[in-house]
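Presented sequentially are two complexes of subunit A, the first with subunit B as partner and the second with subunit C.
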Partner chain A sequence: MSQFLRLSRRGALAGAATLAMPAIGGAQAAPVKVGLIHPVTGALAGAGGRCRAGGLMAIEDINAAGGIKSMGGAKLEAILGDAQGRPEIATQLVDQMAEAGAAGFTGCFASALGLAATQAAAKYNIPFSIDSGIADAITTRGLKNTFRFFPNNSTATADAMAALGALNKAAGSPAKTAVIVHEDSEFGTNSVKLQAAMLPGIGIEVKALLPHATPTRDFTNIVLRIKAEKPDIVLISNYENEYVLLARTLVQQRVDLVSTFSISGGGFNLKFAKEAPTVAENMIDFNHWHNPKDPRSVAFRKRVEAASGFYSWEHPFGYFAVKLLADAWERAGSADKERAIAALNGSTMADHFMPYGPTKFTNGQNSGAHPVALQIQKGDMTVIWPNEVSDAKAVFPRPKA
Partner chain B sequence: MLEIYTAALINGLLIGGVYALVALGLTLIYGVLHIVNFAHGSLLMVAMFAAWVLAEKAGVSPYAALPVVACGMFAVGWALYRYVIGRVSRGEDRAILLATLGVSVVLDNLFLAIFGGDTRQIEGDLTFAMWEVGPLLLAVPKVIAFGVSLVLAGGLWAFMARTDMGRAIRAVAKEPEGARLMGIRPERVFALAYGIGIGCLGAAGCLLLPSFFVSPHVGSVFVLVAFTIVVLGGMGSFPGAVVGGLLIGVTESLGGLVLGESLGPIGISLVFIAVLLLRPTGLFGAAR
Partner chain C sequence: MKWVLVGGVAAVPFVLPSQSMVNIAMLTAFSAFLGQCWNIAGGFGGLTSFGHAVFFGSGAYTGAILQTRYGVNPWVGLPAAFLVGGLVGAGIGAASFRAGLRGSYFALVTLAFAEVFRVLSNSLEFTQGGLGIAIPLKVSAWNFQFADRRATYAVVLVLLAVASGVAVWLTKGRMGARLAAVRENEDAAAALGVDIVRTKTWALALSGGLAAMGGVVYGQTYLYIDPSIGFGTERSVEMLLVAMIGGAGTVWGPVLGAVVLHVVADVSRAFIATPGFAPMVYGVVLLVIIAVLPQGLAGVWAQVRGTPGGARDA
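Up next is the complex of A and B:
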């Protein structure tokens, strides 16, 4: 059975209109097919689905605005693929979509999927715009077809430490010691190595590293060990389920902390803020977010919330991954692979509301891309660092319980 | 240090109570009826989502919702066996296994389509209620789950040992043809017993939700542990499910403390192997 679907509601409408009316103009420009590869079933389905939704919104907007104008108003047509959280499926989807005429790909939420899919797409030299997948290796393997508008892991970790250092210093350095809790696979272990090496540089001593398996069903023991170490802050690197359990147990066991801090915290989102307000309040995460001072971001968030009720950073990721490709086709005046890749390399896309500035690609990585420090305050997501884009003052240290 | 070990021991007992809750329904379905119920985790997920929807959308506490969800899950289990598993399998073990696997796949994806893949939780009146025992803080929702699992185990044991229906279930499980000759209709008894087992999951879902989370994949977090407990405690033994649950909970907790949380789960496998080497029928299993 085919693992992907072709979707173009506007294409269908256009087709119906063509049948209903006599031809009054020249030939309709051939659509440009975009392969959207995400895990929309399995454990990563939620985040993958949001990336896909963002990508489809971009296609809808581009087509509504007249398509790719330099290509005679060519409309974008989505080819949807479910990678199911499995790299081998992501690879198969690339092959199937290439066969179906995809001129570009976006995806794949998870780094493991992105690594596999970009490599497969490189065989065809079809441009691939990464929408989420933070692993540095996605753009450091020399694949000429792969571009990432968003930040990589090295940037995220270095920025996160700078943010934590700045927040701590501004508050009079109340945080002098830390315990790091992390999941024990590649993601958590590698992130923690970087963090542990950088924390002393901002004046924070690491008292203990506490790894845990995924799944972990109970965090009481880990929290008891945190209590025994008496750290000022707890750094968290794990996935969604374990994140929410640990956060709740820290409150239940009345651990006295200056703050909690995570980098790309698995469970740190607006749903968490709404469903667990007591736990989530004042937690800090260093993550991707739009520039809240840009009015377009406010309108975009409202639009997503009206459609699905829940907004997350995956929506703009999916959205701008497609926009990046469309911008390249617009500049190139063609969906030709070589010309599109050349256009991406020279891309200076500034029509976006992420806090990045115009795009500037170095070996496929947008060098201006940076995450921000987020804090849940009064049940909503606020940006607390850097100052240029912040919309709230940091609560650091957090009030005593 | 002694304080941490004591806390880990007590916490292990409380977690074990939660595991026992999930295993109680399975010991009836798997241990007594010998149905390898691959849908057990998915049906736990359904129960937890039912409790979550009632809490989030109607403001009903999971504890207040327990009777409704348990009865609802009984009905779901009964209907599943009567109209799907029983009909598809026609009594063949291999077909039952595939039928429950199919039910599991359908339920997982149905709930994924309805609720998405996100992790959901609730904050209720008791979420942060802690019982202070000396220097230890025990989460009240876990203490409640622990207590209910003991009561439920006792109730199920009494039902199976002392009632005509319990005897009928055991008779059908042991010798269906003989039971049929005595006027018992095996298909009806199987559906009823399957319903009771899934009804237990309804109770477990309500008691788990205040201290855990729910997502379409939450069942997989518990189901392997539940199968381990049923075999460890002795197939079909309700006291065995409770003692097995507590043993696994304590092993996991102390194992995590001694070996680290990454290596801690190894302890479960070691205890499982050791118990089966010494008592092949499990802790409370009847000799064959």
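Up next is the complex of A and C:
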């Protein structure tokens, strides 16, 4: 009994000393927890991992700059979750992170995950900043907690058609017919539906729609069908491996084209440009990218490349999804859910290097967000449209092989 | 006494303050339910299906289409899905069993049917192709959408009780005896007057009807389905895995299998941050159970009691 009392006294003294410490050293603001939900294993692991890496970079930068200043320098603290590409796991992660005290979420790369996770977070009214997940429905369902800094599918497709129309017109309209190759799930199907409806409006007749499954490991038959249709351009909407395989097969089969044009081409990235330079050269993609004229974007790219060797648009997506939340907490002066959501609704965040201008949210969607037209020239990524942010002149039509 | 204990354990999530823990319980019960559906045909009837997602997906699409296209209340989706799943099961069963397919041939045919349904749902305008179907978010009990996960857990628990009730009935009734006879030796069963095609078709239809109701619950919980979510092989594998690991052909096998697999998956996910490591631990545990317990987890109890441990090798 006496030993128990002695230990209790020691414990009480130790506890009292610990409690007194912050008072002596000055109060440390409680950290603000951010849940980062991405697929980092499975088929989407690469892209999900890059979104996560971008988010962690933002947290590192914000903390290095003194945290959330209006909250006494509160530091951000990441809670990481692997959604494994399954909506039910994404939902489970939201529950776990909410109970662990998450004040905000970012994620989830894929639309199916984003749809499930945002509605789960809505039950707690915790703000959710979508980093990737292009489906319009994510922000059109009336969820008050969901915000997307980046473009949605309707905007991306409409902009892409405007870009293609402008490039074609500037070159004397060499492209009059097109074949669309697309993967057959939500992403490709949704895109192609909109493209097929809009192409005649820019003077391009659609000769055929060629869907394929993911994965597809041989594009010979699809390319033979393209050759049979003799289109001027091939439009592509698919994921990474299929994009690269199709591009290679088009070159191998010597398909004579004015150009290729993809929308959110999964494989259109710097890795592709480096590994298959002759195939990738002069391919055009309409996709997310930073403003190359902003020096901060150049420094950011160099930093990512120094850390991981490979930069893609998922890095700034992950980065600014977290920055958006931090900006809201900064202006709200609190991580309180209601106040943070009100701050997001009134957000005018201009401290970024995406070609969007200051944020302006309409029903959770940043109305100023627009993708750009990219072209691989001399093994590097260049922006060729719109002119305000372009750093290279378009090669269109491409030179004959 | 046993049932009181089971009821007590099943009721624990209702008093848990953590929505996350309730959600784990709900997902575990949901896996157990789907495993039990597979078990009715695969365990008790020896109809080893590799494509049970065909029923799950049919149900999910039935509920979603009725609601989004025709404005039918989602609760009506449950009996409708049961009917559609049953019809799909009867169709696949009649076509396969009349052709005399069994064993690995039947397994491959079910896999093919699931893939055909996936491709069809990916291609047809009626199912919105690869776009999938987003169910409008409208949280209310009338609309079969719940803010509290306890309500979803309660619905899943009722479905699990129904499926387990069917399993108990199969262990005691004449239909179960016929199924067991067909599973153990078709020729002998036929010689005794059992209508093989009708018995197996009936089992597959019942199993399919129940699994289809699971599809409706999934759709109402996550509010989005697409061809891969509905008819993907991952779902089929999960359904047969929980039954196989727990003990196929036993009443408690799928429940045990679901509990163990979810505990392993959730605990490893909670404690292992390295990407890919948690699924690897899950895989190792699976291998160990398959290697060490060929009769499944229920087989251990059966061995202790000296009773037969189900129909794993049927």
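Points to keep in mind about this one:
Methods note: the second predicted complex is superposed on the first by the 376 of 401 C-alpha atoms of A that agree within 3 Å, B and C clash if a C-alpha of one lies under 4 Å from a C-alpha of the other, contacts with A are read in each partner's own complex, and residues count from 1 in each chain.
Keep this in mind: a contact is a pair of C-beta atoms (placed from the backbone, for glycine too) under 8 Å apart; a residue touches a chain by one contact, two chains touch by 3 or more.
The structure displayed is predicted, hence computed values, not measured ones.
In the superposed model, A:I222 makes contact with subunit B only, not with subunit C. When both complexes are overlaid on chain A, the residue A:Q253 reaches subunit B alone and has no touch with subunit C. With both structures placed on the common chain, the touch criterion links A:D184 to subunit B and to subunit C. Shared-chain residue A:K33: touches no atom of subunit B or subunit C. In the superposition on chain A, no contact is made by A:H290 with either subunit B or subunit C.
In the superposed model, A:T41 lies in contact with both subunit B and subunit C.
Once chain A of one complex is fitted onto chain A of the other, the partner contacts of A:G142 are limited to subunit C, with no touch recorded for subunit B. In the superposition on chain A, contact is made by A:G49 with both subunit B and subunit C.
Where the contact sets of subunit A with subunit B and with subunit C meet, they give residues 41, 45, 49, 184, 211.
Residues 41-49, 184, 210-213, 215-218, 220-222, 224-225, 228, 240-241, 244-245, 248, 251-254, 267, 271, 275-279, 310 of subunit A are the ones touching subunit B in the complex. Here subunit C touches subunit A in the complex through residues 18-20, 23-24, 27, 122-123, 129-132, 134, 136-137, 147, 149, 221-224, 226-229, 234, 266, 269-270, 273, 275-276, 278-279, going by the rule given at the top.
Put simply, subunit A touches subunit C in their complex at residues 40-41, 45, 49, 80, 82, 84, 86-89, 91-92, 95-96, 98-99, 112, 115-116, 119, 122-123, 137, 141-143, 183-190, 193, 211. Partner subunit A is touched in their complex by these residues of subunit B: 4, 7-8, 11, 15, 56, 109, 112, 116-123, 127-128, 130, 137, 139, 212-213, 215-217, 221-222, 252-253, 256-257, 260-262, 264-265.
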